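One structure is given below, encoded as structure tokens.
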Amino acid sequence: MAKRLGVYVCECGTNIADKVDIDKVLAVVRSLKDVVVADRYKLLCSGDGQEYLKQSITENGLTHLVVAACSPKQHETTFMNVCERAGLNPYLFQLVNIREQCAWVTSDGEAATDKAIRQIRAAISRVHYHTALEKKGMECNPDVLVIGGGIAGIKASQILAAPDRKVYLVEKTASLGGKTRRFSKLFVNMESGPALIAGEIERLQKNKNIEVLTESEAEQILGFLGNFEVKVVSKAEDKEAKEQNFNVGAVVLATGFDLSDAKGLPQYGYGTLDDVYTSLDFEEMNLADGPTQGKILLKNGQPPKSAAIIHCVGRAEKGYCSKVCCLYSFKFDRMLQSQLAGVKIAHFYSDLCIPGKANQKFYEDSRESGVEFIRSAVTEIAGGDKGLTVKYESESGAKGDLAVDMVILLPAMETSGDARKFAEMLNIPQDDKGFLAEEHQLLSPVASAVEGVFVIGCARGPQSIAESIVQAEASAGKILSALVPGRKLELEVKTSQILESFCTGCKTCLEVCPYGAITFDEDRQISVVNEVLCHGCGNCAAACPSGAARLKHFTFPQLYQELKEVLR
Amino acid sequence: MAKTLKLNKGAEQCLLELLKFLLERGKVKGVFTLSKVGESGGVAYSLITDPTALEAALPLFPLMPVDAAKVLSRLTLVEPSAEPIAAVVRPCELRALTELIKRSQGSLDNLLLISSTCGGVYPLETGVNGNISEKLPGYWEAVKKGEIAADIRPACAACEHFVPYNADITLALIGNQDVDKQCLIQLNTEKAEQFADGLAGELSKGEAKSGVVDSLIAKRQARKQELLDEFGVEDFDVQKVFEKCIVCRNCNKVCPVCYCKVCFFDSGGDEHDQRYYETEMGKKGYAPVLPAPIFYQLVRLFHVSISCIGCGLCGDVCPVDIPLWAVALKTGGAVQNAFDYLPGRDLDEGLPVTTFKPDEFAATVD
Amino acid sequence: MAPDDKGALFPAEGGVRERVIAFLQKAISQGCFDAVLIPARAPGTDSLTYSLIGAEQLLENAYPLPPVMPVQGAKAISSLTRTGKGTKKIAALIRPCELRATVELFKLGQVDLDNIWLISIDCPGALPLAEWAKDAKKAEDAFAKILKEGPNEDIRPICQICDKFSTTGAEDLHIGVPAGKASGILLIPNSPKGEAILECLGITAGEDLSGWRERVDKLTGARVEKKRQAQQELEAKSKGLDKLLDTFSQCINCHNCMRVCPICYCQQCFFDSDNMQFSFEDYLKRAQAAGGLRLPPDTLLFHIGRMLHMSLSCVSCGACEDACPTAIPVAQVFSLVGNRNQEAFDYVPGRSRDEPPPLRVYQEEEFEEVEQSHAAVPAKQEARDG
């Protein structure tokens, strides 16, 4: 069928018309082969302009369209939609930017006109080789993958799960509950952590729309909002590893925190002196199934008569405050006092962090119960025959020391070790403290930079259980509004394909694909593109020496023709 | 009876004048011919559209860097030429082009085919060393007298089909005693007459064929026999002849009749896995590993023999100096004789493989 | 990169060829490997074809270090292993440049080394293919002289500037010719597989390699200097579009260089594919734009494109130059461009089986480094030229 090209130059008001001699351009264009109509228009993007284009396509029976106007970023979609409305495949169209790339970057009208002519000629050459491409769509997958079975992950799963939305909750260890399960008491109301968590877990397990995978880890997550392809490997002890593949529409990372390693600060004696514990050690001690069956005991088996609680261990080194330690330290006061009558407790702190409406009283109650608060810098925890000595320097510079039976350190909270693995897997940035970064500190606190991936709980920064739950709810909210079951996802049309007869299996394309969209077929010994995951970046096409990998809409003939004309 | 124009100019000048005339008058949009390239005395085919660029053209330069038929086929493969183009080609290239057209590998539409009675070309090696210019005087002497020029390629020395078939225009060079002063342009077709209409020149009675031409044909035939005997083609020992072949496939790449987009030997169709080699090794104690020279050469001969022109490019480009032209000429000749077929003689003469009937088998084998 | 420099002396008599064959025969008889992949001559001919030889006595026809390199060993190994592994243990006896090309092909998925033992050997160079083609006997005699006395001016230009003619570190075993000894060869293992060969032969790596290493280092140093000079001259002669066009002016687009190049592994070359299929109108328009168009066109584009695709892995083996029918110094030009590009990425093709090709691990941030490295070339060159 003969080609009938239409070429339209937009005046863009005065933006283009004042610089480029459009009539001269049209005179050249009209003489080119297969151009059946070439004209100018004041403002093609306007309602009238679009209607004009649509009519022209139909009236002139155009098979291809070239529009010379502004940046594709601005109006490529606009004109592609016009083509569609006129019954012309939107990929048989080329938009030439003679505004930002031409009229706006020179004051020399002659040069601008000459360049515009070259650009338009190049686009005409190129569009000859365009092929009709069909839009692809797929239904978004409403299911969700939650990584991390702590309180944040559990809460997010409970809210999201529904008959038309399955939740996969993947937990690395053998049991759900995370850190909360190992806090015998929770501040401020001193309720039982295990009991609270057990209740939530029971609710969760009753929910048929949540599949819990313990002793499991997500090994591969590829894709985008609405379509993530997940591979989970489950390995129970002494059992064979089992692999599971499934699709979800969104991923929630709730990988939690670890305490920073107090052994890295030798002045505190952790790991070298008896009876120096971290907060998590102390929590374990207080649990009925803990190492001392819930009794607070020293290494020698005796209950301590005195305890020092050292705040901000590692705060200076880390450069941030872990927010919740002060509050849970007051919880420790009550835990010590309720078990050990007359126990002497001293807090060593530089600042107290007591935000929140219920918490001031929590602190004041501690003070009133006789707990000492010494504002100082702890220089050393020393050991000896008579137990431990806390050596400190007060604000004024005066040195002091305090003999105690037990020292409890409050180390900085860090994001858990797994965060890095997921950051790399999903291409999410980590902030300079190592936490998974939220998209925007103020305006988007639970979404990550990658659409469809959310970061909640201590994975994104030190916070309390209450705050983690708020974030779980927030992420659920965002997911629920983005992934409506039945909503269609538009997939990339300009994807890459690999021609089997050319592919010789060198795997270079696999290595350079940033989206994991290429896999290797061992039977045929060739690379294969997953067109759903492909974003059309073109890395593979550029890297393939034989031309087996080809990018639709950016084929060698198309680019060659365009370049040839531009360089002429 | 073809019309012949006589121009009072040397042959090359004459041809250049014709080409210039065609371009300047807009009778053709481009001229395809040999042109000077680089500073080392090399030539290459060019499509010339600007008459002034003809100054670098050397249409009768005795060197054939590529087969023009391959180039013209490539040019017209996707679509025929929409504009008239004059193409200056050698008789063997013209025959090759005919063979390619029979296989739908191009189109003759809008091509004005200009050829000449051909004195042959020098080996590529000679051209590479820039030594052709010193040989030119001797070359043209041989052309005048209808002799075989010294040091000409063996394939050319053995060529008896140096009078072009199917050319629109033929320059009568061989046997023209005054070839440096005078030239005869034979207009074979109506098309040729139309294109040449307006060219200054007197009508003449001469024609390309002559007694000198006939005697040269006889000389060439004799020389062919000599060369083939020298080469020992009757005791053709496949292993010995191809012993040095490194399967570079140069012969395949330059041969006009090798037109496959993806040669069988590129397709992986001949690849074996290691177990196959191990099994073969088990049988005889050794197994040669690909590339396999004899298999390649024989398969290529199977495929091209029927249309082998004897242009000799294969031997010219062989890096280990296998006289492939002799092999091709002999096997090609034998196959073609069996079917009474001369490649390139007639565009309407179908390829034997497409017209062969079962009952012909006995006759062929005899 | 010098390996650990432990080696064993394998006792054998005769010329280098005889000694190596003796070693291979012993190794096969002891079961160190089941067969050898090596150039071999069919009796009564001049042929040199890579063959898989399992029968000891047939190894008499083998040609380790043939006078020319008709087929690049890496291509032979690829033919053998590309489409499927075998069951036998096969030792491939190849020149160092063939080894380096094999390693590159291995990284590109075109060679499977699981059942292959790579054995390289000190290489004095190779003669131009055309000489052997003209007169095989004369070439053999000339090469026998080289084997005995060391490399001379007869070897190919690319061999004359080769500084990687000995161990690379990526082979399993390397064969060295001991200094000042009329018999024996040095077996230098460079991997557990190589060590297994020595173990199998019942010899220990206790030989003093200092004499041999000294000789190798000395010649390497001389070659490095010669290369620098030669490349400097070549650059002056061929740098810049005009000079490059001139250098390639005689090219007839046969693509032979690509065909014989071990690194060119594409099933169908991009430049032979439908991507380069244009309409007559395209050709005419191009011709009209310049007044004329050389046909077939894009000769230089082919060479530059090929450089783009393979220069980072170019091992300077010279197969391309041997195959060129119009005597263009292809290997020298490609080697020059290859070396420069490789320097920019700190990459030496074939030196390690684990070092990924730069294109695969290249990160955006490195661009500046690479850019500057190229900009630094004139400065580096000035420093080199003193």
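To keep things simple, chains are lettered A, B and C as they appear, and every chain counts its residues starting from 1.
FYI, contacts are C-beta pairs under 8 Å (C-beta built on N, C-alpha and C of every residue); 3 or more make two chains touch, one makes a residue touch a chain.
This one's a predicted model, so the numbers in the text were calculated from it and none came from an experiment.
S.K.: What chain sits nearest the middle when you go by CA atom centres?
M.R.: Chain nearest the overall C-alpha centroid, as shown: C.
S.K.: By mean C-alpha coordinates, which chain is most distant from subunit B?
M.R.: A
S.K.: For the interfaces A-C and B-C, which has the higher count of C-beta pairs in contact?
M.R.: Higher contact count goes to B-C.
S.K.: Could you work out how far the Cα centre of subunit A sits from that of subunit B, in whole Å?
M.R.: 66
S.K.: Could you put a whole-Å number on the gap between the CA centroids of subunit A and subunit C?
M.R.: Centre separation, subunit A to subunit C: 47 Å.
S.K.: In angstrom, rounded to a whole number, how far apart do the mean CA points of subunit B and subunit C lie?
M.R.: 36
S.K.: Subunit C: which residues touch two or more other chains?
M.R.: 83, 267-268
S.K.: Touching at least two other chains at once: which residues of subunit B meet that condition?
M.R.: Residue numbers touching two or more other chains: 262.
S.K.: Taking each residue of subunit A in turn, which ones touch at least two of the other chains?
M.R.: Residues 501.
S.K.: So in the complex, which bits of subunit A are touching subunit C?
M.R.: Counting only subunit A, the residues touching subunit C are 501-508, 511-512, 525, 543, 545-548, 555-557, 560-561, 564, 568.
S.K.: Inside the complex, what are the residues of subunit C that reach subunit B?
M.R.: It comes out as residues 35, 37, 40, 42, 44-55, 57-58, 61, 70-71, 75-76, 79-88, 90, 112, 115, 129-130, 132-134, 136, 245-246, 249-250, 252-256, 259-260, 267-268, 274, 277-281, 283-284, 287-288, 291-296, 322-327.
S.K.: Mind listing the subunit C positions that touch subunit A in their complex?
M.R.: It comes out as residues 83, 108-110, 265-270, 273, 275, 282, 286, 289, 309-310, 356-357, 359-361.
S.K.: Touching subunit C in the complex: which residues of subunit B?
M.R.: These residues of subunit B touch subunit C: 29-30, 32, 35, 37-40, 42, 44-50, 52-53, 56, 65-66, 70-71, 74-83, 85, 124-125, 127-129, 239-240, 243-244, 246-250, 253-254, 261-262, 266-268, 271-275, 277-278, 280-282, 284-291, 293, 316-321.
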